[in-house]
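Chain naming follows the written order as A, B and C, and within any one chain the residues start at number 1.
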Amino acid sequence: MTEQILLEVQEVSRSFGKFQALSNVSLKIQPGQLCALIGPNGAGKTTFYNVVSGRYRPTSGRVFFEGRDITRAPAHRLVGMGLLRSFQITNIFPALTVLENVLVPLVVHHGSSFSCLGAIEKRRNLAEEAEQILSRVGLTGQSHRVVSTLAYGDKRLIEIAIVLARRPRLVLLDEPTAGMNPEETDRMIRLIKDLSERSDTTFFITEHDMKVVFSVAEKIFVLNQGGLLAEGSPEEIRANPHVKRAYLGGSLDAAGL
Amino acid sequence: MNSLLRGHVLPASLILLALMAAPLFLSMYGVIVLTEILTMSLFALSFNLLFGYTGLLSFGQAGFFGAGSYFAVLTLIHGPDSLWAAMAAAFIGSAVLAVVIGWFCVRLDEIYFAILTLGFGMMLFTIAHNWRSVTGGSDGLGNFTLPELNLFGWGVNLFNPINFYFLVLLITALGALLLFRVVNSPFGLLLRGTRENSLRVSFVGANVRAVRLFAFILAGALAGLAGALFAFFNRIASPEMLHWSFSGKAVLMTILGGSGVYLGPAVGAAIFFVLEHVITAYTTNWMIFLGGILVVLVLAFPKGVLGSLLGLLTRRWKGPKP
Amino acid sequence: MEGFLANLLNGLSWGMLLFLISIGLTTIFGVMGVLNFAHGSLFMLGAYLCMQFVRWVGSFWIGLLLGPPIVAVLSILLERFLLRPLYSRDVSFQLLLTFGVMLFLDDGVRLIWGAAYHVVNPPQILAGVIQLFSQSYPVYRLFLVILGPLVGIALWAFFSFTRWGKILRAAAMDRQMAEIVGVRVPMMYTAVFGFGAWLAALGGALAAPHQSVGPAMGERIIIESFIVVVIGGMGSFPGAFAGALILGMLNSFGTTFLPDVQMALPYILLAVILLTRPRGLFGGEA
């Protein structure tokens, strides 16, 4: 019996014209293991997420999710299998209310996408479920506010709530704390840790804030110039001379790590 | 929010009652104008399912409207002499057409969608214009008589404008009710989600193309039904009804009334006709006014007349938002 | 054979006019992201102004020289005061605005010059017919056919060798690129809009002696030029050229060989191209 694998990426490459954004990246993620993907700007982190989540197709290589080949599957199908993601730039429904933002994924989740005659207000169970999810991310009592009027940190939480509504198996979080103040960042870190421990959802985050990465991640992958430079526990990565010398340089020390 | 439906029942009943009572107070001419307004309201409402709710600006909606009128008239000429059959043919025929055309159009969005719908609408126009043996060419199809409407065994004579008015009111009200239920349903929420952020919708697992296509088909079918009424009303199906300038009318009515309010397009249709009658009484250059009005609306009142009024009223009642 | 030549020349002359209007349309779309519904009306306005100058001073050349700049100035005002406030809003509203402007201009022309069609005589030197392979052919049409490639070469040189041309081309393909190289975007928008309008009006002025001048001429050409830019690939210059030629040929040969379906041919082509290449012949991958 080999180890259980949730996500397996096999020698994935992706190029845009002449530019090679990813070259031969392979990695495996086990269920329940909170992983992080780090690397300097332009290392290919977002491209990697776009390939895994079905937004782009890889130029070569294959991607498996729970043993199934998902290399050429469209994004909406991957979501149906339990692979969700957030975006670096908050990606929600600005003119809808907080509740409606969570109802959209719930409608899809319960297979009601094309039920078009009953009023959505009458789906009490959906609304209750949405409220539960909102309270899980710490957004209670704001259900009827229009999302565009919320504070930035709350908007990012909405995106987490949207993702959770699909009861994901694996969630890719693209820089979940980007643009947040320290207080909001703390809140987000605690939330991710908490969700990772208490639910059977696995989180895979990218982050440029090293403090965040080393405080939450159980395993770290380092991407540099489109290739995988190193992988291992936070201690191993911190001690890895390649990582240290090659490009993180003094920033690890500067961050007091 | 939970009272959304209940909150609409009262105003909707009042509007319906007023419309049912209207023939008592209006001259025959007024009834005829109101009939046309109602027909165009259904057309504009169908357009707004795409524009206001799904965020897709169609410039080819007249293609389905006109196709519906031809389907209806062709049924009366070659098929059963029944208005119900003619309307069903218009509804179903336009829906089938929308499946085919929508399959192309929903693959692209924004500007591309506008051009594609324009192009396909004009394709239908040229078919109606050139396929003389079937469509009568540029003369259109006018050589049919309006049969009596079979209402549970009763024959209703539609040459009486008031009877015809009630038929149009019935169909428009049913169409409007159907659309209202759709936009407030789970599917309707998905439509608004698609309008706001189609990327997010596909990343919560919905097939955005399928969602858009379904809206496109429904909008096409209802536009076709409106077209059937229009053909009965004018006793003719003619190519101009498929022309893109006719699609422009639905766009204008919707912007006039407001795309963000459910009944906005219907109110827009009424304003459109009133304006047209008032202005054409003074000058034949009504389009110059219409163009000017559209420019002013887009720049200063993008919510349209009804949207702006409602916005003003809610601000009065609830006070400014914090 | 003679029929073929006549068709070829007709197709080329119409294609050349389509090219002039489409190049502006595609540049404006590429750089500004705006689909200008009023572009056909600017073409029409060019034709009417040319006609008016012919009436006033009796010279087609004066009309050709002075008409288009007037249209360009008008369009610059339009961009500056009507379109600019809308850049932050949904693209649909920009399209709706230009739709309103189109209705306004088309009817405005009717108000000023009446609904009738007008004929503009070609200048003396280009009047009359010429015998080509035992067929008579209008000299003016031949002039358009020869002018087409010349204008094409001039534009190509402008876009390839001048600084502004290079910036525009880069911006049409990738808007952010222009910002990176430090172009003042609002000024570029105004310039692009004015330039596109000038080209459209130039096409209109050239069209005046070629077809009759009437209030519907804008509407006819705008639809065809939409098709040109979509099948060519929006924002692509070679695409506009190829698309204009294809549509011009489809028009002339279609009329001769498939008169019944000729009107539908452009739309069928549109559907076929979009099925096989959703972003057009010269557009990027979808």
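Some observations on this one:
As a working rule, a contact is a pair of C-beta atoms (placed from the backbone, for glycine too) under 8 Å apart; a residue touches a chain by one contact, two chains touch by 3 or more.
Remember, predicted model here, so these are calculated numbers, not experimental data.
Chain contacts here run in a simple line, from one end chain through to the other with no loop closing. When you average the Cα atoms of each chain and compare centres, the chain farthest from subunit C turns out to be A.
Subunit A and subunit B have CA centres that are 42 Å apart. Work out the mean CA point of subunit A and of subunit C, and you get 48 Å between them. One finds 33 Å separating the Cα centroids of subunit B and subunit C.
Touching two or more other chains at once is no residue of subunit A.
Interface residues of subunit A, counted against subunit B in their complex, comprise 53, 74-77, 79-80, 84-85, 87, 91-97, 99-100, 103-105, 107-109, 112-123, 126, 144, 149, 162, 165-166. Per the touch definition, subunit C reaches subunit B in the complex via residues 29, 33, 35, 82, 85-86, 89-93, 95-97, 99-108, 110-111, 219, 223, 226-227, 230, 234, 260-261, 263-264, 267-268, 270-271, 274-275, 278. Listing the residues of subunit B that touch subunit A in their complex gives 1-2, 4-5, 181-182, 184-190, 192-193, 196-197, 199-208, 211, 214, 218, 321.
Residues of subunit B that touch subunit C in their complex: 51, 55, 57, 104, 107-108, 110-112, 114-116, 118-120, 122-123, 126-127, 129-130, 244-245, 248, 251, 255, 285-288, 290-295, 298-299, 302.
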